[in-house]
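You will see two complexes here that share chain A, one where it goes with chain B and one where it goes with chain C.
Let's turn to the complex of A and B:
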């Protein structure tokens, strides 16, 4: 894989992982509930140790774990898809893995991008924007007063 | 010492049934859903995730429900659950500079590049009970700004660090940090292990230690350089892919404490730093952690360790509320054999005392001491 292939795959895998379960269900229906794939690894829930950095930018340390569910599938045409999704939702991980496999085919890619990935990414950007604008409304300017001033 | 006992199965079974009934409360009221707990008791869930050391809102909400709101019991439940799961790997270190910020304040720098956002906070409230909530009143919708907060707001130390007045962090050699869930803590512990221990440590214990430092047990003069809360991406490198993929976003709170430091033989006078990081919105915990982290750096900064908060063996070996609760609460379990032997010892000593000193050569006293 070239670095632009890797960047593209990282993007859609991230978008699929961050989608909400009802959104994944919708995407799945939009794709006509794909079948005809086999599990290379059935959905399995485990832990990832989350690392941070001392002071935010120093050496790494272990903060604590988070749950993550992974799944790997192979389509009839041989394409392999993987998913690593925060949480314990087996169906989410399985569907994300199938969509990742479908996206390996360059001919299908543009239509799945338009049908699934772009709308999911847009919804995520909108949620982030709304949360950020609510935070922006709490922006504060403190003025230092001279002692005795009221 | 606890010695195994037999019997009581029926009584234990019935006690658990009684507890389940009590937990349910009045059956005429609706049961709590996990969504309600995760959504409306979010800070309880955040504490359970932080100290249970597993980020999973739904699991933590279940633990809160199962423990009837006893958060230390809930933390124990989460810790027990985590032992049933395999570890898939470790994330790339999260980048808090890239955080989608929902709160960011500094008590030290008024005009911080990127600005200060109060976000959702109890600060500046009057702590008056709100009886409107008792009636289920809907809140006024949050105000929405015209534009979002800027992306990639640098952390405070990066803003002011270049003058050399604030200590810079060493980036580390890239070696995997120590993991106290894999190997027991040995002393002296490195800062990686200390921070891991504090991150999962009891909020109340760390809060009290941090407070003791402020009150003069250890010479600290801290400022909250920056506190930020929001969402960060978590990336993992799956072995089958070999490149990092984002598995999701988590909410974290980060605290950078800045402490006055007069300098040592090797370091000029400058501000030194303490660091706190918690899952969710556990802000008090992150602040306490940062103060205790700084106190525990005493040896590295050439300070005389004179107070409890600076004693790493004392702090790190008593910070875990699951261990502490287990050892304190095991005293409730049957200790009949142990108690019986001590009872007999006391009876023997008293009988000997009543019989008078044997020949006045002092050996009786020595035996008693033994």
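Let's turn to the complex of A and C:
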């Protein structure tokens, strides 16, 4: 796996993880409810520690724990798919894992990409854009007046 | 005891690729833990794990189940020459998340698939006087495991005496076990697996012919 493959897979796994469960259900029907896979790891819910850095270069600190559900599946052709999704929706994790496995087939990748990943990514970009607009509209700028000491 | 199936919503187990772990991770891991606990508490008794799990060659279902129940990211696992395959290593890394030790002395669990060529038990970590629990648990995949006409076992957890016959071990093995017992409270604990059946020999057990 080259670094560009890793980057591509990271992108679609991220899109699947950030999608909302109803959107995943729609994508699932659009794909015709794939079958014929086995669970390598059944959906299981746990906690993951989220870490952050102040300003991108500070020391790492623990922001807090979040609920994560993970799942791994294997298709009949041997492709293995993994998913780690936020929340405790088992079918979201399972379906995201199956879609991840399907996307590894290079022949079908373009069609699944157009059918599932691109619309999900668009919806997420719109949500993000909306949220940042709302935040920007209510932004307050603080000014500190220079006191007359100089 | 349940027989487990790993098929997804439709379709059978594909022929190649990684294998599933426990069908029901919580119940199955606790069941295996209980079996290991009982086997350790009553040395010489044989317990059937009765799990329908598959394991990649050369791991037996019993060894894979014991490792999946016990090993995790804090416990380096050492595989002997016979157990060391890419599939086995990948299986353990995926299902246990355990690091693989390169030397027997670094391992918290050791898996011996070819007992005829195994290193002596003194090659494994026996713990320290302060922390005798920092020792290795050695899982040995043996050719046969039966009660009776073999070693005579005495010690804690055994009323009067127990007997156990283990096939496929090197001739020096009984001597290693005696030396291991002589070092009590230091020493390694042994788990024998044969298919899906297990028996255990903790360091506290004395063996005689």
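FYI, the second predicted complex is superposed on the first by the 134 of 150 C-alpha atoms of A that agree within 3 Å, B and C clash if a C-alpha of one lies under 4 Å from a C-alpha of the other, contacts with A are read in each partner's own complex, and residues count from 1 in each chain.
By definition in this document, a residue touches a chain if its C-beta (ideal position, glycine included) is under 8 Å from a C-beta of that chain, and two chains touch if they have at least 3 such contacts.
Being a predicted model, the structure only gives us computed values, none of them experimental.
Looking at the shared chain after the overlay, A:77 reaches chain C, while chain B stays out of its contact range. Number of chain A residues touched is higher for B, counting chain B against chain C. When both complexes are overlaid on chain A, the residue A:32 reaches neither chain B nor chain C.
Judged by the touch definition given at the top, the superposed model places A:10 against chain B, while chain C stays out of reach. Of the two partner chains placed around the shared chain by superposition, chain B is the only one that A:59 touches, whereas chain C remains out of contact.
Note: residues 44, 72 of chain A belong to the chain B contact set and to the chain C contact set alike, using the contact criterion stated above. Within the complex formed with chain A, the residues of chain B that make contact are 49-50, 53-56, 58-59, 82, 85-94, 96-97, 100-103, 105, 110, 115-119, 142-149, 155, 157-158, 169-173, 176-181, 191-193, 195-196, 199-200, 230-231, 233-234, 236, 238, 240-241, 243-250, 252, 254, 256, 273, 275, 277, 279. Partner chain B is touched in their complex by these residues of chain A: 6, 9-10, 13-14, 17-18, 44-68, 70, 72, 82, 84-88, 128-142, 144. Put simply, chain C touches chain A in their complex at residues 6-11, 13-14, 16-21, 23-25, 94-95. Contact residues of chain A toward chain C in the complex are 35-42, 44, 72-80.
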